[in-house]
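Below, subunit A partners subunit B and then partners subunit C, in two separate complexes.
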Partner chain A sequence: MIKTRRWIFAAMALAVTTALVFRPGLPVSITPETRHVFGVIDSLAPGSVVMISFDHEASSLPEIGPLGSAIVEHCFRRGVDIVGLALFSEGTAAGYDLLSRRASVLGRVYGSDWIYLGFRPQYTAAILGMGESIAGVFSADYKGQPLGSTALGKRVRDYRDIALVVSLADGSMPTYWVEYAQARYHERIIAAVTAVMVTSYVPYIESRQLEGIVAGLKGAAEYEQLLGHPGAGMRGMDAQSAAHGLIAILIVAGNWQAWRLRRKRRTMEGASS
Partner chain B sequence: MKDRLAILTASGFGSFMAVQYFLTAPVANAAYRAILGWIQIVFAVALVAGVISVVRLHLKQLGRRRNQRVYSATLLGGAALMTILGFAGGVEQGSPFLWIFEHWQAPMQSTVFSLLAFYVASAAYRGFRARSAESAALVVAALIVLLGRVPIGEWLLPFLPSSADWILNVPALAAKRAVLIGIGLGMVATSLKVIAGIERSYLGGR
Partner chain C sequence: MSWEISITAILTLAIYSFLAGDNPFYRFAEHLLVGLTIGYTLVVTVKSVIWPEAIQPIARGEVGAAIPLVLGALILLRLIPRWAGWSRIPLALIVGGGAGVAIPAMLKARVLDQMAATVAGASTWSGWFILIGVVTTLTYFVFTRAQTGGWGTSARLGRYFMMAFFGATFAYTVMSRVALLIGRLEFLLGNWLGLLRS
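Coming up: the complex of A and B.
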């Protein structure tokens, strides 16, 4: 059994590595959900403000990173300003890193085109508090500058000045954004989540409490295609295809082996009786 | 006495936060804002208390458990290093703090998380068996969703993505809705029990 496991581990490593090295580049079809999210951000007027909340851990970065990068790039290209923050402590540095990198590539200026508020514990109070006053929750930004000292910081007083909230999450944080920011303050929310979380948020899409959802590495690959700028999402899809394909083969192989063993046992039992 | 005070506090603030949603009086709004501020202060203090507790626990383990010393030393060393770097060198782009986060912490955590793919593959081969009609349906659904969510599935069988979407949006969603409604009702019931002082497990199991 240990030997079989080692072979499976080796096969998985080989499948993923081969896909990453040779990049077969299978076409990725764009789902209506991703197209809708793209359309929502695309319809924002230049100068509108989008709040992007980095509600994830560092372990999810390979999946969430490309998704966040594509959305941030879209906002910056459209001339939409970004207010970044984190409601998970590990998202703090990840969010600042992502925003500052994309901003420097696209020539967006800190303070006027984007600001980063940093982390606040207790997400319920933070989400509700920002509905009353953003400066009341974040008196200073990530760099320690008073919020009112930046041009963008002065412009955003509460959710009425935020056109859209995007929660980049690997857990249930978009639910809290819906329950508190949408239900109480009627803020529009988009969930950009890991693929495994999709089913949790579909009920909120159908009730129109969530404006849209874009999910996983596939969502990132679809978004990159809509942007016309293939990146980490597209590259990752090859590896994900290989891994999913191998797991499917293993499920079929395991069941076939079990079926053969069962048949053999029945034959032996029949012969002995 | 201490328990009664805690129950009265929970009951009072719980009732107010439920009722204030429907109040428009300025005094209610001012109290609501003040409570939101206090919640954050209480959690910030709890965060500091948590850090102190972790440091104390691992300092003790350094002295007692020989086989776990290396883990405790790594944790304490890492925490001290990141704190010093954060205060001394700042947390902005190009700072040692952000460099360590980006080049050490994020790859290490992603590596541990990615091990899941290996264990899922192994478990899929050894444990995911169609032993009955129900489990066979589960295996078939898993195969469709597994392949339908990646380009290779669409390339092999073009109808797979729409079949995967149907599974996620109809049967899986029906089950998810039931779970969500159950959770919602449970939350309301537990909140009412806390406000009424019946649910007291938050006092430490007494």
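Coming up: the complex of A and C.
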């Protein structure tokens, strides 16, 4: 059993490696959900402010990184300003790193085009508090400068100055954004989440409590396609398809083998009785 | 290739070595991860919260900022059995305040709004499908009535809806885990070994 499992691990590594090295360039279809999220951000007027919350752990960066990068790039290209923050301590440095990298590539200036507020624990208090006063929750930014000392910091007083909140999450944080920012302050929320979380958030899309959802590496690839700028999401899609193909083959083979063994056992039982 | 990339790559391989069985390299990398995560969280919390929101205001003479700090310190008294009772004060505030804030918000967002959307959505085919899914799944969880006859059929249908949900969730989980593997292999093959074209 353990030996078989190791063969499966090896086959999976081989499938992913082969796809990453040779990149067959399989087509990626764009789902209506991702198209809708793209449309929502695309419809924002230049100078609008999007709040991006890095609500994830470092371990989910392979999925969240490409997704966040595509959304940040879209905002910056549209001339939409970004207020970044983290409600998970592990997302703090990752969020700042992502924003500063994209900003430097696209020539966006810290203080006027984007700011980073840093980390706050107790997400409930933080989300609710920002509805009253963002400066009341974050008196200073990540760099320690008073919030009012930057042009963008002065412009954002509470959710009324934020056009959209994007929660980059690998857990249940978008639910809290819905409960405290959407339900109470009618803020529009977009969940950019790992694929594993999709089924948890679809009901919130149906009820329109969430403005939109874009999920996983596939969501990142779709978003990159819409942006016309292939990146880590698109690069990973060939490997994702190869891995899924292998898993499907293994499931069929495993079931066929189980069915064969069961039939053999029944035949033997019939012969002995 | 920078030494940071090499260290990251070696630690990644150490973690993946668990696939061949438990070993000292894996355990070292795992302990390092746990220690670093706790240390990082502590530093971020002190730098982003305790220092600017408590220590600095107190140093400026804002006495009010000391109240949450003192309440936070009282929780730590749980570690001293003689004074452990003091920790109940901040815990009572957290539980009471937390429940007061959370219960109405959760009730509205997770129950009332969801129910309203389920009923309002029944004007379309997919809305009807969702409504039937919700009702039949709820009948499955009524344990005070025997699941026989029409009620049993409804409960069975609800079980099929749940099975479809579990299947979809599991497929998304597989997709998510594969994405993590891709991220790591891309790092090892590209950033570390330079085998991937950009």
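Everything that follows uses one rule, which is that the second predicted complex is superposed on the first by the 273 of 273 C-alpha atoms of A that agree within 3 Å, B and C clash if a C-alpha of one lies under 4 Å from a C-alpha of the other, contacts with A are read in each partner's own complex, and residues count from 1 in each chain.
Throughout what follows, contacts are C-beta pairs under 8 Å (C-beta built on N, C-alpha and C of every residue); 3 or more make two chains touch, one makes a residue touch a chain.
No experiment lies behind these values; they were computed from the predicted model shown.
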Could you look at A:S60 and tell me whether it touches subunit B, subunit C, both or neither (first, second, both, neither)?
both
Who does A:Y96 touch here: subunit B (first), subunit C (second), both, or neither?
first
Considering only touches as defined above, state whether A:F119 meets subunit B (first), subunit C (second), both or neither.
second
Considering only the touch criterion stated at the top, classify A:G254 as touching first (subunit B), second (subunit C), both, or neither.
first
For A:K218, using the defined touch cut-off, is the partner it touches subunit B, subunit C, both, or neither? Pick first, second, both or neither.
both
Which holds for A:G129: it touches subunit B only (first), subunit C only (second), both, or neither?
first
Should A:A169 be classified as contacting the first partner (subunit B), the second (subunit C), both, or neither?
neither
In the superposed arrangement, which partner chain does A:V198 touch: subunit B (first), subunit C (second), both, or neither?
both
Once the shared chain is lined up, is A:A243 touching subunit B (first), subunit C (second), both, or neither of them?
both
Using the superposition described at the top, list the residues of subunit A that contact subunit B and also contact subunit C.
9, 12-13, 16, 59-62, 90, 93, 120-121, 124, 128, 142, 184, 195, 198-199, 203, 216, 218, 240, 243-244, 247
Sites on subunit A touched by subunit C in the complex:
6, 9, 12-13, 16-17, 20-21, 23, 59-63, 65, 89-90, 92-93, 118-121, 124, 128, 139-140, 142, 144, 175, 178-180, 182-184, 194-199, 203, 206-209, 215-218, 232, 235-236, 239-240, 243-244, 247
With touch defined as at the start, can you tell me which subunit A residues reach subunit B in the complex?
1, 4-5, 8-9, 11-13, 16, 26-29, 31, 57-62, 90, 93-94, 96-97, 100-101, 104, 120-122, 124-126, 128-129, 132-133, 136-137, 142-143, 184, 195, 198-200, 202-203, 216, 218, 237-238, 240-248, 250-255, 258
In their shared complex, subunit A is touched by residues of subunit B numbered 21, 32-33, 36-37, 39-40, 42-44, 46-47, 90-93, 97-98, 101-102, 105-106, 109-110, 112-114, 117-118, 120-122, 124-130, 139, 142-143, 146-147, 149-155, 161, 165, 168-169, 172-173, 176-177, 180
Complex interface listing, subunit C residues touching subunit A:
19-20, 37, 40-41, 44-45, 48-49, 52-53, 98, 101-102, 105-106, 108-110, 113-114, 116-118, 121, 130, 165, 168-169, 172-186, 189-190, 195-197
